[in-house]
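Next, two complexes with chain A in common: one pairs it with chain B, the other with chain C.
Up next, the complex of A and B:
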């Protein structure tokens, strides 16, 4: 059945409503009740008298829609419930971004400031209405879940594509702050990591956001044809082994997507919001600050506005703050795991976008592939424990172990005295492992620090694969003896027992496991 | 890190310790003591700036005490609360002369 298009013009109110009604029904007279489209492009205003005309029309012609509705008329139709009763399509305001400042750029679009209070995110693809709808929905979801973000209030046409408009007053991106006020680096790191932890601490109701693991599995599957068989299979197995995680990840968390509005920090560019293990997020972060610019340091300047060294420093500091330790070994381990996924993503992207058609593109993919293969040889898992440190059990590493433990105690409100006592106990146990566990060979030990809140208690666990040995089985020294009668030595374990609230030993799965507990 | 400062007045030796006396630093103190204790009849440790001591440090103090028991006297000054507690649980408060 053919649709009838009827134009509505100017104002429709009680003055002219009867006349408009007459004209409409005259147009439709003698026709079957087919689809009717009211074109509201030139409609400026409609009163309740006009709305009643539309209601009567809806009764005789149920397949009724109104298109090209301007925002004032849309508001009336929305308030009165008409948008629920029939299809109402908005007219899109046309906005030009010519000469506008670019303030952000994400995977799917670019953000421009169109005036003092507003920004528009212009989508890369022309058919972006469903993307816009998606981003609006996930932004709303994030806001409700406690993430400070901006939600678009209008959709506009920008050239051949669409844009969504946000209110963003006096806002500056973290990239801009880093580029123009380098002395604010540490402040930026603190706020950036605070937001990152908020995101990763947000549990998302099941099925509300896509699972990043599926995306990463696509990367790994794609790379099967690119990598030698062994490493390719290993990469896929490592991604498969990442457990499902319903915590939020942003999916494009770099400093252009964090805005300072007055004193509030806002997360923007929400279309990549997903759920998954934090290592996925770290992979995107690594790429943004380092990966994409590894070969050509100019790339980050064009993208973020600050130089490669600033990006490297910001990434390293942020990772340290996120992990809660300055331990370089730990930071490098997590960075390496992020690089594995980061390289996988970049290699796939370059090949799919035919960037390997150029000499520079081929060199880049070759470099990333070489790095990836090296990493796949060195690591067996993409998982990481911020509170766990594995290193060679030698006394030269004692200082590193102690400062690693200290880093984690600093986060808790641990008094200096208890901290010193824990330090002594850690020294005694670690030195014991260093001296005896693998003697005369050498081997690794793992130290794990856990701080519980209620009751406030620190648990430190030492694991080693050395000879089974229970240091607690030894008799305590007699501390009432005089200096002359006393043996030099044998005090370490005794002190540990005295200074801690609980010391326990087990041997399990080929490992010595010694646990220290201290109530704070 | 441990800072060791020695002041000798005839047969009286004062050692001022600052920082940490632990597995890493104790061997250096032991070495310096071994080289300096000949003919000393009064040994004083000033621990006002000592922040930390582990069993490795206690061992050095014990062996110094054993030597001084034979050739004179030894005392320990300005011990902070945390270190004092370590001296207590290990019975060192009975072995050392703490002032």
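Up next, the complex of A and C:
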């Protein structure tokens, strides 16, 4: 059915409401009750007499909408419930970002500071109203769930596209801080990781946010045609094996999207908010700080304002803090897993954007593909446990195991005495595995550290695939005998039992599993 | 639109600024199959004397009504009065005061128009104007249009009539409420969200208004009204519930002068009547006139 557009002009109040009403109904007389659009572009004000005209029109023409409504009229329509009963579209203020400082950039838009108190996020696509609505809703959701963020309060027109306006007073992005005050690197890392852990610790009600795993599956599927069959299938299987996770991920977590406002750290650019396993987030982070700039170190400078080395240092330090360890082996393992997804995403992006039309683009995709194939050969899973370290069971690695355990104890106010006792026990067990589990061959062992809060207690688990051996089955040595009379060996496990509150052994799935427990 | 058992407690006739005679309103109410109705002309209780003799057996119940335009330092209000004694001296005095003020104003306006712009009207037409129950700015405006002094009623009011500022002499809300109460009636605030018709009064402002009028003896709120959205209605119903006030329902039908349909109150059916409305109907029962 044909829609009728009627313009409203000036003021509508008790003086002219009857006349306006007669004019509207005269326009509609003799027509079927089709869609009616009231164009309020030139409507300055509406009183309740005017509202009643609209209400009566709504009764005779249920398919009624009002467009180009100025903010004063919109407020009246909102307060009185008209926005609940019909489509009311606001008129958009026009804002220019010419000469404005760019303070952030994400996948879907660029953020500019328009004055001291306000910033505008300009969306890349011209038809962004639904995106703006989406971002507003997810930002509200994040705020409700306890993530400090800014919520847009106005939608504006910027050139041919739309923007949403936020209040951001005297705020500085972490990128800017890193670029201008390098001595604040460690502080930035601490705050950046604190926020990251808050995000990843936030459970999102089901169905409220998109699942990042679906996106990653798209990447993996796209790459089937690009990668050799074996590695391609392996990649897809690895993504499929990532369990569903309802914890929040930001989806574009880099230092331009973290703002320091007064003393508060705010997360911005929320349109990519999703749920999923943290490895997805780490993949985006790797790309932002390293991946995109691997071949051309100028890219990060143009984007973040700091150089490639600063980006690499920030990424490494953040990952260490996030994982709670300085163990390079552990950090490398998680970084490698993040790189697998990161490369997958970048390769797909480059191909889809026809960036391979240029020599440089082809070189980049070739480099990423080579790295990806190498990684796929070395890893079988994208999952990681921050508190688990797998390494070769040789005595040379004892120190690394000790410091890995130490890292995790540091995070929990563990007393020095208990720490020393745990150190002794860890040494006894690991050296035992190194010496006997695979003898005369060599193999890997895994060390897992868990610190529980209530009761405060540390559990350290050692796993190896060596010959089944229960060290607890052996009788305790008779310590009353003299040194000459005693058996060699057996003393280490005896000491361990004395120092720990509980020591247990099982053999499961081809693994020796020895668990040490110490109450703190 | 009007199923069986509908009510409409806010309608106007020719006795004020409606276009139907009381007989015509009665006829429409019959056709709509209403069970209860009230005619609430501005500052006039004449309908409550004219209508009862017209009622036939089986007709809907008639509740005497009136709508007083009131004002004080804090704003404008329309106060409805229901079920009063039609010849009660207290309510009569309020009507007289309103009528007197109105006549005084009309005379002052006519004198001003003659004085300032040289607009004059034949004596017979002035007499006819003054003999109306409630002549006001629109009537003078119409007269000016008829005599070619202005192209439209709206422009007549804006460009000429409103140039005269009259001293603030009005019926105060406490006078109206007091008069209604003393004559055995129930005072109700008309369209609370719209003040005297063209304001927008919400939230705390509405709250303080209601509480002030309750101090004077207000007993009810017109929560069902043709010009209300669900949101406004919900807000008023919540005030009625909070303060234990009656709830009423009215369309503000004005005949051809407004496009409001008779019976359009936003009230769907008896099953949805809120407790405040049921209590009002109970209180109105003994004051309702039936054949």
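Some notes on this structure:
In the analysis below, the second predicted complex is superposed on the first by the 476 of 520 C-alpha atoms of A that agree within 3 Å, B and C clash if a C-alpha of one lies under 4 Å from a C-alpha of the other, contacts with A are read in each partner's own complex, and residues count from 1 in each chain.
The rule is simple: a residue touches a chain if its C-beta (ideal position, glycine included) is under 8 Å from a C-beta of that chain, and two chains touch if they have at least 3 such contacts.
Predicted, not measured: the structure shown is a model, and the values here were computed from it.
Of the two partner chains, chain B is the only one that A:416 touches; chain C does not reach it.
Judged by the touch definition given at the top, the superposed model places A:494 against chain B, while chain C stays out of reach. Of the two partner chains placed by the overlay, neither chain B nor chain C lies in contact with A:146. By the touch criterion stated above, A:49 is placed in contact with chain C alone, chain B being left untouched.
Within the superposed three-chain model, A:159 lies out of touch with both chain B and chain C [touch as defined at top].
Contacts of A:25 after superposition on the shared chain: chain C is touched, whereas chain B is not. In the three-chain superposition model, chain A touches chain B and chain C at no common residue.
Residue ranges on chain A touching chain B, taken from their complex, read 395, 398-399, 416-417, 420-421, 423-424, 427-428, 431, 479-484, 486, 488-489, 491-492, 494-495, 498-499. Chain C meets chain A in the complex at residues 152, 154, 157-158, 193-195, 197-200, 202, 226-232, 257-260, 264. Every residue of chain A that touches chain C in the complex is listed here, in rising order: 13-16, 18-19, 21, 25, 47-49, 51-52, 55-56, 59, 76, 79-82, 84-85.
By the touch criterion stated above, chain B contacts chain A in their complex at residues 22-24, 51-56, 58-59, 62-63, 65-66, 69, 81-82, 85-86, 89-91, 94-95.
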